[in-house]
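Note that the chains take the letters A, B, C, D, E and F in the order they are written out, and that residue 1 is the start of every chain.
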């Protein structure tokens, strides 16, 4: 646990979070959210929660992003805010 | 709908990759005892392999491999394994989910029987998670006309 | 073990049957309904046995996996649990029986999934009630909520959107609850309710405990639709399919109320929210405003089901107010009202289900002549409506009575006034409907020339449960003395 | 004092700000998908918070190496929050799945995902 | 609407931050969470369940019931999706 | 006073409940059977109630406890002299009313008669339950049953006017009821008890201001039903109801039940002693006097016959309350007896109004010129009852008024004597013109050519009730010992041996 890395990750996570809700295009939003999940996963593994990180890597960054993209393709990419 | 273009390279690579992914998923399920992983993660990986199949080929391919009935069967089977194992412990005279009582069935001592019980439920969780992942994906991806 | 392990059966039987339901659905679709009834019957029976055992022998502790409490998860069933369990399982059984014609009318092709989720929803609710572990409660809360979202979403036109809104609010509630669990955990290191009861008195001065309490309360308040956090409820319950709203409306919010009592009174020391914090004051205000708001908005509704939704918000206000009084009578009223309101709401929503089943519109001003075609059904509505108003000897009066006593004991005159004013408001609400249903069009002198409608009662499978509930509404009022002295008084901690 | 407070707690504060972002998106955003993303951010930040409860300075991941005889509690990170959060992640993804299904239904009905447009259409 | 949301969010955040003041420091090995319940999981897992991965042993054994609930949640989600999107056929 | 356990109260109540159920089941198809049930039940019920008279006269009370509702308060019937008095009156007049209503309903061929008879039976059920209730809570339960079951009766005609009358009725009475809940809550919190006790049980509990508050909440609560003056508004509007209902409302069940409840509160909850100590009786008496005088004047101004009768009712109810609030033996006796006397006489008046309506569809006072020729028996009965209410000697009204005057002398408040006398004058002033118009005035326009007496179903009850009020005046103890029971209750309450 090195606090510099920790801080960098946290900063990235924050940026990704804000970006994913600010971006107007839903598909990009989904992708950014995938990145957010992956960073989150890194953060957790860095904290020693390997199981949780593994799960998040497979679920958050993997499957749920796929779900998200599939759903958005079925719906619309347009977003007003 | 996912992609109208079916590339031979992608199809072949995925076809080759999928068995490995599945093996890895099984490994994760089975090796949850001593390394990160377990039923849930393994199940997701297994499910992801099927999703990959769909992404690289098309929906029909996945339907062929995983018909609705099979999904349903796996869904309930996995949880049934879990709940049934707990119920088995109950029948063996312990509390619900008390795997220590499984040593009456297997030739191991009480502590190792817990390990066996854990393995059993990991498998159950894995099956359910895989099936559910595929089912959610299928339902999201299926065209409206079919619903 | 001389006795059957009822505490675990009550959860596991519906759980396993939910999985079986899917498999059974392949073989014979028609068996699903029978399985549902059978399972709910077992659940009701077990909850009855549990309550009896609890009353005779004291609290039941059931260790899952055989681990000792702070490490493993345990069930703790005291009279409060047992009582709520019995309510939940009985009402779900009765509603389950009535579900058949409604399912066949509204979505016959999805019956299997529907029954499966129905069982899961009940499992979740029962699990919430029975557990003695804060995190386990969260898990079951999610089961119940997820099943609820899906069940609500298959309703009418606006249902998916209403359900999505419900999901957003429900998730906020669950997340707040989880945050509360986290804060408590970081402060005490335990997740077990009994353990926390022991640990918390030493930690009350900490700000963490305070915030944990605040987030618990807000989270649960969202789940039970307490006033400013009720926004999801009217839409969700209006658009839900009738059998779902019949199940969800009486039970989900009541279970939320139970959790609130459990957390505020049992997990935290009761003095914490009455004296240390102004939480009781806040709760009373919210409840009072909620009652007024619910009643007034209900007045503005044209749709019967929606009106009932707002009435439900007001009823939740009663329960919260009873808790907020922080005295014996108030709490008695609150717990009694969990039962009574469960019955009344089941009855009222079932009435709506019954009339929609027969093709009647839900608009209040289109109900003329209802009493001619469905005399028994509308009579049940009248009786349960009177109970909501608080006319004795129906059960609604008695909980209101205890709440008034609680208000007097707590010297909360404003709350007492609100309680009484709301029953007037309810009277207007229900007599408005009754007038329409019984006296038809209030036009000038054209009264007798109404076409005599043929009698077309709801099917017996709906009518009989409806009347069972109605008789319950009447008779449980008269037996409330017995219920209170034998059950409810045991549920209230001695410090009250 | 304040410095210590900041050093000791800054992690929590970042989680809380993350939580606020998610929460804000959930209640203020008009687009339903954005709400959903907010929901996920909210949930992940709670998970983050829980995980950090379990973290222990100078401790290692909660897996016992083979051959280790004596186990001290402060050698390993507290595994309980991890377990809880595994469950929470599962809950999260389940909710997410159901939510996407709901969104699909909504989109099929209204052909839009904006809350205000849907409310207009419903009126 | 947005202003209200912002106020609510800030209120919630402020409360949470206020709560952290009394919390044990980040990663503090002497926090109650590390001392009260969890040591047993760490110390006894091998002896009691023969599983070296504590997370697995706690997940599946000590708190196995939670995991049953978790699996049920997943199952519920699967069935819910089927109910919502697929119910018409079959 | 230890009570004797007896199932009679339950039986009496069961009869009307069963009758209501049977009426509902018989329904619209078999009309004769349905009306048969009503008659049969009324007769059976009356005989059960009457059979309790001897025991009560011996000073016993009859009790039957069902279930405990909450600690110290059961669902309990307890028949004491006062309760029996009201019960006898109610069940006796039910017979008359049910005979009459059969005639009335058939005469008008009204719709939804099943509902009418059902609610009627239920209302009587409520009234009897109020009479027999052993504690405030039981009383309140039946009070609400009475309230709710009367609503469909008031709104029976289903016209806009009828429904709004019903709404008004409900609004007033339910508001009153909620106040009663509050007052009961206070009472229970203070004393832990709600059981009636002759002479009151609240003494020694709570502070004076609180007790005064409770008293007023009670009076306002029950006063709505008793139509005390600022709360009387619903009563004239409720006149849209069919006449048997008005008769029921004004003579037997509803308003009398209200008065009965007020008296219960005055005499059995607070008790004369406590009221005297708190000086509340005087206030109540002033309120009642105000009502008496104002309502008398209002009655003068009414053109509509039934509305005039309604205000007369308000007037008389206030007289009853005034008598009780004087807290003197004669006052209480007189006021209790006036319940019966007024009951008999007012029911006659309403029956007559109904008979006129059925025959001629006339409701205004000045349209009745010369009707005495066409309907001699009816109008003669009207005259008897009207004079009786004014307090002319051979009729029952005289006795009660006499005792009330005595009571005001005993209480050393001459003012109330004048109030009573003034009210008698007002009574005469608004009744005599009607009698004059109907018998002596030449009809101006339409001279009622085809009109004769109403059917026997209606005339018989009218005549019987009119005769009853004479008999009650001449021999106050003759029928069912009304006077004796009233005296007995007064004694019990005041603790006089």
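A few comments on the model shown:
Following the convention adopted for this analysis, a residue touches a chain if its C-beta (ideal position, glycine included) is under 8 Å from a C-beta of that chain, and two chains touch if they have at least 3 such contacts.
What you are looking at is a predicted structure, and each value in this text was computed from that prediction instead of being measured.
Number of steps on the shortest path from subunit B to subunit F, with steps defined by chain touch: 2.
Distances from each chain's CA mean to the overall CA mean are smallest for chain C.
Each of B-C and B-E has its own count of C-beta contacts, and the greater count is at B-E. When each chain is reduced to the average of its Cα atoms, F sits farthest from subunit D.
Here the CA centre of subunit C is 43 Å from the CA centre of subunit F.
Centre to centre, using the average C-alpha position, subunit A and subunit C are separated by 37 Å.
For the pair subunit B and subunit D, the distance between C-alpha centroids works out to 24 Å. Taking each chain's centre as the mean of its C-alpha atoms, subunit C lies 29 Å from subunit D.
With touch defined as above, residues shared between interfaces to two or more other chains in subunit A number as follows: 1, 50-51, 55, 59, 63, 67, 71, 74.
Residue positions 16, 20-21, 23, 27, 31, 33-35, 37-38, 41, 52-53, 55-56, 59, 61, 63-82, 84-85, 87-90 of subunit E each touch two or more of the other chains.
For subunit C, the set of residues touching two or more other chains reads 15, 19, 22, 64-65, 135, 139, 142, 146, 149-150, 153, 160, 179, 185-186, 191. Considering their complex, residues 1-2, 5-6, 8-10, 12-13, 16-17, 20-21, 23, 25-29, 31, 33-35, 37-39, 41-43, 45-46, 52-55, 58-59, 63, 66-67, 69-71, 73-74, 76-78, 80-81, 84-85 of subunit E touch subunit D.
Within the complex, the subunit E residues that touch subunit B are 47-53, 55-57, 59-61, 64-65, 67-68, 70-72, 74-75, 77-79, 81-82, 84-90. Residues 386, 389-393, 397-398, 400-402, 404-405, 407-409, 416, 420-421, 423-424, 427-428, 431, 435, 438-440, 442-445, 447-448, 478-482, 484-485 of subunit C are the ones that touch subunit F when the two sit in their complex.
Residues of subunit B that touch subunit D in their complex: 34-36, 40, 132, 136, 139-140, 144. Residue ranges on subunit C touching subunit E, taken from their complex, read 15, 18-19, 22, 64-65, 67, 70-73, 107, 109-110, 113-114, 116-117, 120, 123, 127, 133, 135-136, 139-140, 142-143, 146-147, 149-151, 153-154, 160, 179, 183, 185-191, 199, 206-208, 210-212, 214-215.
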